[in-house]
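Both complexes below contain chain A, partnered by chain B and then by chain C.
Now for the complex of A and B:
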């Protein structure tokens, strides 16, 4: 399973979530996690149609199909429950 | 016969004898320090003259302090006596009330309130005692230290000395939470990390922050001068009060609009323009041109920030203008405001430079700061229009 996180350097909520992801290193290692920057990875971000709020987590299945999308700042526990689960 | 003559004579001159059937009301001594050349003193004088005509129990003692050296000395002595140096004129001492400056519609009401309260609760007239115009030990309350309160952890605090710094700190922090400049700074630091030259990063980041502070300071200083100059015009105050209320409403809107749990995506064009600017600065081979570029960026960002913060600096300068402080105090309070305005930026920058990691504050705090800021702005705006004397923060 693959998780794409879209964030930005200027977004404080994204910076907080980056820190929480580092704390969940063991859990996130079980997934293919790709972190994209809204401003510096424009081509890769374009297909995902980011809305009005960052960060965005997009969970994809083996075939690359979007299973779920979680938008906004999340606590470590919420990341476990909402993003990084099968 | 002689007795009869004496009795008639006594009756004839009885009007010369003191009559004590009804005791004359006690005089309230009011001490006024002024300058012949000060326009606010002249305005105050008109008001005090009218007051004196209406209320014969008031006795004004006037001291001109620019031309008259003895009065200047006396002003210093009075300042020492009441425990607060007198730095500006006009200055009026009524019982325990020390009123400096004069703004029509504000100070006149303060003076009336002070007179009413002092008549009701007479205090010991230390200045009158010093001048020998009242008997020592008159009055019921000793006014020295009347503005102190005891707070947990801080102990005894003089509210008159902490109130303006407290306002500077609270408004500065709320203004600083405004995301406009913060996102630019984070963007900038993110780009600087790509330079991998610590010294250049410190200089460019520092130049951004110093230019931001300088621009904000100059704007606030200019605005303060305008406010002090036009401060006595009630319509100017009403207009600033209206700006404060509008700013408060804008903050409420931001509170409702800000996502509960994330960052609002900044407009695409705005981001692209900023990215282009920052990239050209960080790639600039001539370093002093890069510094100039970053200073220009700080100016443009903070210009938008001033519009974006919707009135905090304007409100603070209006509150300062109501205090009638001296020039050094004005500058000191402006610098204090700016220090706390930049505090979050400074913290983010220093932590980023030390740890080479960007850190942020949870969006939730930013969202709630809009609500707190909105409430404070609306309250201050209403006070400016309806009860401006309360904003003079006069705790005496």
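Now for the complex of A and C:
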């Protein structure tokens, strides 16, 4: 399963979520996690049609089809329950 | 024109613009040049810098002129981090400006560890939390003086004392404070400011640093006015900054009292409306009044008012949850208020008529 995270360098919610992801390193290592930057990866981000709220997590199945999307700041527990689960 | 976004930027005062233009024509020679015209520019520039030092009351400080607070914030954070590479921990908060958040993100990607001071029920830094977060390997504490969304004046002088007791450098982003409320600029090792926030031109700001405090420059190119910022000194912009500082220090009390009166007028008129609640509390500077129109989306309110020729903003661009203000939620613990807040920012230029126009528009919006 693949997870795409879209964040921005200037976004405080993204900053705290990145810190939480570090704490969940063992769990996230089991997923293919691609981190895209809203400003620096514009072409890759464009197909996902992101709104104003960041970060955005998009969970994709093996065929690259979007299964679920989680928008906004999440606690470490919420990241486990909503993003990084099969 | 009912403009209520003075915390974002201010119009340049005509007196300041005049100084800018005249200095640009008269003192165009490079002040670092050794010829007579260069020396003339240098003498004029030194007078302007001295004037800012005096009016800011700086003791054993040096001002590094930058193109604005974003550069100053970057220089302070990356400049300290690169100078002290053995220390890889920084303490900050989650109400900082994007020009603080972005260099912190950059450093985190370089392996730095970050911690964030929590806010208390008044939306102010929890100083016990700060004390507990500082470690042996902390190179910097960086905190904003005034929350740009709610206007809440943070206890940054006390926070700096805590950092200093633990031997850690303290950077204060004072961009929303200077020219609006008293602040002890000597309490900090590094202070960022931007001149366009107090009726000067865009494109000039500064980083006040302790004399002798070493930083790694962002822009390399040899010594100019200081050893951490290269480039031909912007004589006319520094002169404009000096004039802007002169004007607000000369007129500080009258400006403050006028802004306070406009804030009081808004509170009095809008306080009667049940669906309007104020988020700025007693710790707020009067220049910012943050309020919620319950049941009304912030962005939609901003757009509706803009259509009527009234200009203000909602929360900062990135909020973490859909239409959500972190600062407002910290104070109110109320999602409804955090998703319906707007920021009204006031000035000594704000007229009673403009305030009345805004009151009427907000009343109509509240009942629509």
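Points to keep in mind about this one:
We adopt the following convention: the second predicted complex is superposed on the first by the 86 of 86 C-alpha atoms of A that agree within 3 Å, B and C clash if a C-alpha of one lies under 4 Å from a C-alpha of the other, contacts with A are read in each partner's own complex, and residues count from 1 in each chain.
In the analysis below, a residue touches a chain if its C-beta (ideal position, glycine included) is under 8 Å from a C-beta of that chain, and two chains touch if they have at least 3 such contacts.
As the structure is a computational prediction, the values presented were derived from the model and not from experiment.
After superposition on chain A, the partners chain B and chain C are seen to clash.
In the superposed model, A:53 lies in contact with both chain B and chain C. Residue contacts after overlaying the shared chain place A:24 against neither chain B nor chain C.
Legend: residue contacts after superposition of the two complexes on their common chain; A:1 is shown touching neither chain B nor chain C.
Once chain A of one complex is fitted onto chain A of the other, the partner contacts of A:14 extend to both chain B and chain C.
Remark: of the candidate stretches 23-31, 41-49 or 149-157 in chain C, the one overlapping chain B after superposition on chain A is 149-157. For the contact definition in use here, the residues of chain A common to its chain B contact set and its chain C contact set are 8-16, 19, 51-54, 71-73.
The touching residues of chain C, when paired with chain A in their complex, are 94-96, 98-99, 101-102, 104-106, 108, 114, 116, 317-324, 326.
Chain contact summary for the complex, chain A toward chain C: residues 8-16, 18-19, 51-54, 71-73. The touching residues of chain A, counted against chain B in their complex, run 8-16, 19, 38-39, 50-55, 71-74. On chain B, the positions that touch chain A within their shared complex are 182-184, 186-187, 189-191, 259-266, 271, 275, 358-364, 366.
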